[in-house]
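Heads up, the next two complexes both have chain A, just with different partners, chain B and then chain C.
== the complex of A and B ==
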């Protein structure tokens, strides 16, 4: 009996602190996001007014929100497609070919992933600077002046400048991930297909891709959620959503509504939408990409 | 044969291009950090005339990067200590003990993997603000906001789900005979955990430390929100420096600041990169 009591006590003492911290700083705030979204609220308890779904109704007529939604989706599509393609291409090359200095390449490619977003923002601001930037300087050296641009000042291209920074940050991480899952594919599969004269491109699509499909699915879900967050932190540090709202994304807009505008209720309505959006999107992706898993 | 050679060339060209796109900007930051003010005009690709240490001195003294560095170190290390103290025992028990409510707890922590701190940082801020109002009589200057220890607590709390997920996965792979042997020797639950199981889980604990060190060290959204006063962390200080130096067209200090934030993460990464990659592929994508 005593031993059993000791066991329960031990279990409780081990789990309780972690659970309490988790509940206070994650579960309760998550519930609060949704709870606060139905109030008109400036952050001071006195002026809290229940407005039901009014915040959400206003949201869908708010042009800045709609723009920020479009930007988020645009970034997700562009960045996902390019990052995934590049990561797969590089991973396939690195794991299928005899590359000299393979380890060094791998170490270098992973570096952007360990840097703070603030550093990435600063580096890319220096690259994109219209007057003293590396990119325009480089184009000038190559006598390609006509390609020079205001990379962060032109409303039409600034979103792609940000996308490039996001791709730069993530390619190495996913490449390393895919290299790991490609390395477990038995060499004999490639040997057998090579005997039948299959080319490298064909091998990639018929052997490599189907066999790492499960891993690709998992990373895709993870990638979508982390891209939503990366786009926010990067834009906050790099453009602040500007010029003139052309790089606004919805988490940044939420932050502005809450802190700059003191419209906490409205901000949390945006937060709720982001929450549901990213959850729904990852479910959808996982559904769409579902197919029979190949065993080997 | 020729196409084969062309293919090889193509491979090295694209690999080198990607590698250069990473190495060149970083080297450039390093070089820019020792340039004098006048050298920032004209060609951005010019090599610095000499090593101008003044930027670093100014970054440390005038831009307070020195005290931000200490703040960052303090918050990061304290967060790691708190995280390990609460998450390691929890992960161990959740992985190795059968008890009532275990399933629900596991489900909750798993669900926590989907919660991102970026949308809950506003409610956390308001909660701490309310706490300060409540304690206003005893702590007129506030206790929770602008407190590095509270920041560390929030850091630790928000990475608990991921840490438990990674560690439980590892604990589950350890054979049961070790606990049985310990029980026969008369070890208590606590001694078994501390003396036998935790040392065996060392590799995955190292992975946890690495990932979370980088996450805490590099964070700026939580720090920006929870530390509105003068006690900033390095990335937030750097962000301020970025705005200030752009306005003043004085870039040297900014690049010195960049190097100061970048170097600790880089050193850690170079020392342990193999482990980091192994840990990532072992924990990050397990189904």
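== the complex of A and C ==
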């Protein structure tokens, strides 16, 4: 009995620091975000005015917020689909095919992930430069002048320019993750299917994909959350939400409202929506992608 | 732009600093009976020494002791003492800071009326302060915050913003610097023949100096004040329509890379196009010479700054001017001495010390004391019909989701890329202005 008590105490003491930190830095701030979202507060003055759900009411009439929401969703859809497809494709090629210099490619693909967002923004500003940028220069060299564009100036395509930078940044990371789980699939499965005359594409969809499904599910949730954050940092460094709001995403808009428009409460209302949105989206993705776990 | 960055820095500093109480300043005389004047100043880009030197000069002239508190976040240093009733006697601090200390004191009627200082003689000289000051600053909302005849904030340092261009290029080509919009657009056509664009901006935010001046040029100071005060349907007026029409036309002459570079990452490339002679004009301020100091420049490059063109020859030309002010709290214990010190700040001796560090006061003929680019920049006030324009949108309670400056400036990007028309712009501005008016007390 005494020993059991001591054991519980020990476990409690071990868990306490992590729990306290989690509570201070995660739980309490999250509760605060929701609490502050029902106040009108400049962020400075001592007086906070309780306004109920007024901030949310304004929010749904605010065209800039709606635009920023649309942009975020667009980025999430485009970037997720392309990044996941590319990462899976590259991972399958690298782990199943005999590619020369495989290890080198793996490192090269992974490098963007360890670069700071500011550096990525600088790299892409050089690539997209309207006059002597890499992309326009390359298109000019191929005599494809009609494809040359103001990649960061044309409001119809600037959001896709940002998306391309995000994809470039994250493909390598997910490729490495998928390679890891693909390499653990027993070779015998592929041999057996080859004997029955299955092609590479069929092997990918019938063997590889189902067997790494659990990994894919986890990374998908993880990816959605990190994309919401990445889109904010990248846009802050690259376009600032411009030109004229065409790359505004909701975290950037939240920042602008809370810190430069003296509408802290309103910013927190946006924060609440972002929290609920990402929570809901992750839940939905997790539900939709639920499959029976295959053992091997 | 710059203000925002400074604001952000101050904000961070304020969050991090746990203000410690400063000196005990209840007494206003030293031990040997000399009166003590307490001065607080914001440490700007000019350094601390200028104030020490000026104070030394004042102490030579008068039997006083001046205690100086100077800091980049001066509000944090003096507010705790002020709350405890210990006020500084003279404060150098402008409006538009994120802490809003000056604005708070204006709202609380906590400033001493300095109208008398204007008529007072500058200590050690035979002229009055009024005689020395540049025209057009006193009487604006920047100095007379209640919109009446009383001056509460004396203009301390000022710097002009306008259209920056390469003087050298105009000399080489034999072009005249345009003074009216007709001449400006004619020049635009001429320049186009030579593959030079008429206009660009670093980012749309830099259009503040352009827009405020244009509003005053077209509709006069009175119209400008109405716009800044969000008067009902002011953006639907004929003047506002004309302002937006001129701007839309000017934007159609902008360089084709303007929007692509108009972001935090690339804005210097737009600035560089002036140095490369591929664009003629951009709105900017005196800091540009330092900012682009090391950048490669076209042969014969020389910095020039001009007020924006006007509708008709001989109309008033407004120069948007940023201003730091000096004021005396009404709780000061040494008001008379403080006023004398304020007057002294405009003396030739003080002005020479300030000018040495490029802290330029609004004193007539100051341009002669300046050197290099600054001489060229500040001589803009010497041109005929030029008036300084101070201020900006009147501050209101924050309005969620509405930033009228963003609507006014950022839309320029959409106008250039033809995503929006001047009518859309006008409609959005009117809507934003109405919302701001509703929040004004």
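Assume the second predicted complex is superposed on the first by the 268 of 296 C-alpha atoms of A that agree within 3 Å, B and C clash if a C-alpha of one lies under 4 Å from a C-alpha of the other, contacts with A are read in each partner's own complex, and residues count from 1 in each chain.
Keep in mind that, in the parts below, a residue touches a chain if its C-beta (ideal position, glycine included) is under 8 Å from a C-beta of that chain, and two chains touch if they have at least 3 such contacts.
From a predicted model like this one, the values you see are computed outputs, not experimental measurements.
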item: Touched partner set for A:266, first chain B, second chain C, both or neither; value: second
item: Chain A residues touched by each partner, larger count belonging to chain B or chain C; value: B
item: Which superposed partner A:171 touches (first chain B, second chain C, both, neither); value: first
item: Contacts of A:148 with chain B and chain C, given as first, second, both or neither; value: neither
item: First, second, both or neither for A:237, with chain B first and chain C second; value: both
item: First (chain B), second (chain C), both or neither touched by A:18; value: first
item: First, second, both or neither for A:125, with chain B first and chain C second; value: both
item: First, second, both or neither for A:7, with chain B first and chain C second; value: first
item: Residues of chain A contacting chain B in one complex and chain C in the other; value: 121-122, 125, 129, 237, 259
item: Interface residues, chain A side, partner chain C - complex; value: 40, 42, 44, 55, 58-59, 62, 64-65, 121-122, 125, 128-131, 150-155, 237-240, 242-246, 256-257, 259-263, 265-266
item: Parts of chain C lying in touch with chain A, wherever the complex brings them together; value: 4, 8, 11, 98-100, 203-204, 256-266, 269, 398-403, 410-414, 417, 419-420
item: Residue ranges of chain A in contact with chain B within the complex; value: 6-8, 10-11, 13-15, 17-19, 21-22, 24-30, 32-33, 36, 43, 45, 90, 93-94, 97, 99, 105-112, 114-119, 121-123, 125-127, 129, 132-134, 137-138, 141, 168, 171-173, 176-177, 180-181, 214-215, 218-219, 222, 225, 228-229, 232-233, 236-237, 251, 254-255, 258-259, 264, 267-268, 271, 274-275, 278-279
item: Chain B residues within the chain A interface of the complex; value: 11-12, 14-15, 18-19, 21-26, 28-29, 32, 40-41, 43-45, 82, 85-87, 89-90, 92-94, 97, 99, 105, 108-109, 112, 114-116, 118-124, 126-127, 129-130, 153-154, 156-158, 160-161, 164, 188-190, 193, 214, 217-221, 225, 235-236, 238-239, 242, 246, 254, 258, 261-262, 265-266, 268-270, 273, 276-277, 280-281, 284-285, 287
